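Which chain is which? They are A, B and C, in the order written, and residues in each are numbered from 1.
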């Protein structure tokens, strides 16, 4: 497939392809994006992930040259391209709506950006692209006559046809049905690996981000929350936002005792009191790491690498292989309204030792592995 | 027979949110491109208007006299009566027209009466003729020798009755278009809800229907009011002894060559038109009762009584509308109305008449064709520059604002502006005086707004990412405009051209000050012949224009259809 | 960039080529006129046949408009020649210094009463236009009324709303009537007559022909107009009776003059020379009973041969000098009934 992805730029292979320094975007008094730093290696697949309004699309448009940033610099292949408009950048873009030209056939759409090529080469290139996306039979059709998935592939082929150094994908799969989306996700990953093209994708779908990316940049309110590999983000989220945004997460809001120690409701927690977590820290643990065992407990207890809390089953949901259990914390000595408001969830194997005995009301010890616990500064909203 | 609405509801203020923010630095190309239509509108619209304003505050020798001219005019009771008459008759015409048009449009959109398509077509028909036609036909119908004179109960058609009847005919299509658009936006769920809450038909009408079309009613009233207050074709022919602003400006400027007084009346004429324009824009800014994404289109249920009533009503009204051109047609063939009704063609032998005859007709065709061609070629790309261009926001908004200005400028005022503008010996454009080129320029400027707004609406409906995709593929914007945007907007572009063609064919107001014998127009020939008392040839020429308009519309419909079929294989997949 | 170029080329195309008329081989002479449309064609053809090197470009409007326009264009006249415009108007223009003197060939053959008396006359008459009544016989008989024989008969209330006459401010025919009434009856009685007449008037028209044409179609029973239009309409079969009121007829001359400062003086002289020829007079004679050259004797079916004797005595110098005053007074009294323009 070297015929499809030609030689890269003149820069050495190990040099970063894209470098963002302090990129920001202001619209009047509104700051859409602030202080974004990012370095993308050649051939890397990086995803910009965030909720709507987080600035991810703004960042992509800045990188594309569709709306140059008001601050910072963007370097591509070693050259400063901050103010270079899209028509003079080395990028291919797949738009959210695909933006296929409805008046042109599939073939004309794909060759739209190949005006500079002589006719025979354009033909060769078109055929290579049609083979790449497997739509050779549809070359003469108009976009309106294609399915959503086919349209998406044509959009991809059109973006790749001019052999850009950087591929930008704006929510490429969001308009598709769940099943088609799963298929195309795999195909997109395969194509990207095969072509080795540096790729930047915007999405709000964490599953898409986790499965496709080499690295993910999480954005919130125009700022970078964390950049890292999918497993980094999942296992070692850098902020409460990242922790909550990617995967499910149990959150226990804590309070500070006057001596600086941590409290859960009225209970003092025998944990190291990380001062960085601020006055209202939040304790986080993924549901799958929360263990259960029989037995009563009067108060929290740290032993053999776990924090144990007294609690009971509130509800349980049978899910075939697993059971999802909702748990409440309970002070056996006297009711604590602060605790009553908290629930935790966990996933237990349906055929495990506790198995089917998890009826509501059953008293249990909740076991939280210390090395999986994360303590974050609360955002105040909790 | 679809024509763009006379006043599409697009607020200028909303423009901001629709333009891509944080645009790329302006490039010389985009600046130059946006400069061309800006320059056109400055020269063809803004400067002539400024010339009118500056003349209004000068005396005949050109000295600045402030508001003396205005005081002078208002102090003369014979003259200032025109102001009162104009306002009163325009308001009366607008109320009557909107009331009739509302019922008519209601019949078209909310009932299942038979022949709705035909009725819709008939309602558009008055657009094909200059406003002189209803005046002439009314003379034949209700004049002293008129067939229906008895219906007036001894009152004369020459005066307020004739003016209002004529204006009703001439403005009817505009009101019907606006109200049809407003009434067709009906959400069936609201009616079902009202029904479930046991609201009777009247309560449903008052609580659901009326609020949803309030904006349309105001808009129609304003549009009709502005059309009547600035029209001079109808009162010229049938106004009798009733002085009006529009005929007064004409009499002062043409009859007495008193340009300063003309400029003062122009100011007075500009005022109600400007107020009407602002009122409409204000209404447009208010959130209209528009259809949400989940609205269910209302399909009127058949109802024998309702359908029957509206069939009767619309039928009677359509008959009245058709009576006007039918009468003119008949009279144009009668040897000597009313004594000798032998059909002859003599009244179509215009060469012995005032007004330039067939040459004028040829000029009108040329004017219409050139206006349609160059108008569309100018306005569509300019609208594209406003919506999709990358020139600085201020420039694009300035262009948009100037493009809307003609909505508030009566043709007579614009025409007078050209007279003043070109009268300046230092003006390098002076050689254009009296040429057909000038008439083309003036007509494009006069009718700029409606096609501009149609183009804007069509372009905004297109996905902005299409243009970005073109740019990302390093294709010049002009290529994407030609290969993608233009084909997508083709129906609208063709509509724009046809609107301009008909407008140029029927216009009299702006050009009446500007023609010279070599650039005489057919609609002006109607005016001249009626002036000379040659009513039958005037009717003949008016019907010639009418027939040409109808023919062109028909051809246009056929051409549009075949063009769309050829260019639009891509539409089938939808 | 390509877009802006194409826009530029539009603008250029607009400014250039579009309307360029075929290049004139002949000198094009702009002639302001109030002649009737059916006369214009014949005059132009005859003149251009005799003088192919000059071409007439008519700018036609009613006498009042042409007069006002020439006055308004005083600083930079657009006209080369004025032709077929009332002599009173030309005298007024002459007072403003707008006309050039010229003695065409054959000037000595022109009736002295029908020309400016100076050796280099500033205007030369073509023919005499006299007022006349057009009475619709059908409508009159329907009402059982007698043919009005005198001006004063027109004030009979039986004719209320049935009479139209030209507005003297715009129409030469209208002005010559008003001027004649004032001279014939004296100012006071003249205005009193017009006040009475005004009560019967349905509308004051812009053009001098229109009242007669409206009488022809019965729209109004009586039109105050001029004899040529009445005769022509009778020929066309209109049920019109031509009436020449007994008190005497108002009249004026249609005349021709050169606009001072014209760049085409030679061509203008050519036209004036032609206008005084018997051939041109023969054309005038088709319309009018009295023309400038005595040797041309018009024959008309509907106009009595003794027309000349029925004309009132007119002081054109007085009419020209008082034109503004008369029209202002007239407008003050009757403007409300005027047609626009």
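Couple of notes before you dig in:
Basically, contacts are C-beta pairs under 8 Å (C-beta built on N, C-alpha and C of every residue); 3 or more make two chains touch, one makes a residue touch a chain.
Nothing here was measured: the structure is a model prediction, and the numbers come from that model.
Viewed as a network of touching protein chains, the structure reduces to a simple linear path. Chains B-C form the pair joined by the most contacting C-beta pairs.
Distance from the centre of chain A peaks at C, each centre being the average of the chain's Cα atoms. Chain nearest the geometric middle of the protein is B, using mean C-alpha positions.
Chain geometry summary: the mean Cα position of chain A and that of chain B are 55 Å apart. Averaged Cα coordinates give chain B a centre that lies 37 Å from the centre of chain C. Centre-to-centre separation of chain A and chain C, using mean CA positions: 90 Å. Listed for chain B are residues 476, each touching two or more other chains. Chain A makes touch with chain B in their complex at residues 25, 27, 64-68, 70, 83, 85-88, 91-93, 95-97, 99-104, 112-113, 115, 141-146, 158-159, 162. Interface of chain B with chain C (complex): residues 28-29, 32-33, 35-37, 39-40, 78, 81, 139, 143-145, 156, 158, 232, 235-236, 239-241, 243-244, 247-248, 250-251, 254-257, 259, 335-340, 351-355, 366, 370, 374, 377-378, 381, 425, 432, 435-437, 440-441, 476-478, 481, 516-519, 531-535.
Taken in their complex, chain C has these residues touching chain B: 1-4, 6-8, 10-11, 13-15, 18-19, 21, 37-38, 41, 57-61, 64-65, 68-69, 71-72, 76, 138, 161, 169-170, 202-203, 205-207, 209-214, 216-220, 236-239, 331-332, 335-341.
Across the complex, chain B meets chain A through its residues 20-25, 27, 463, 465-466, 468-476, 479-480, 483-484, 487-488, 567, 569-574.
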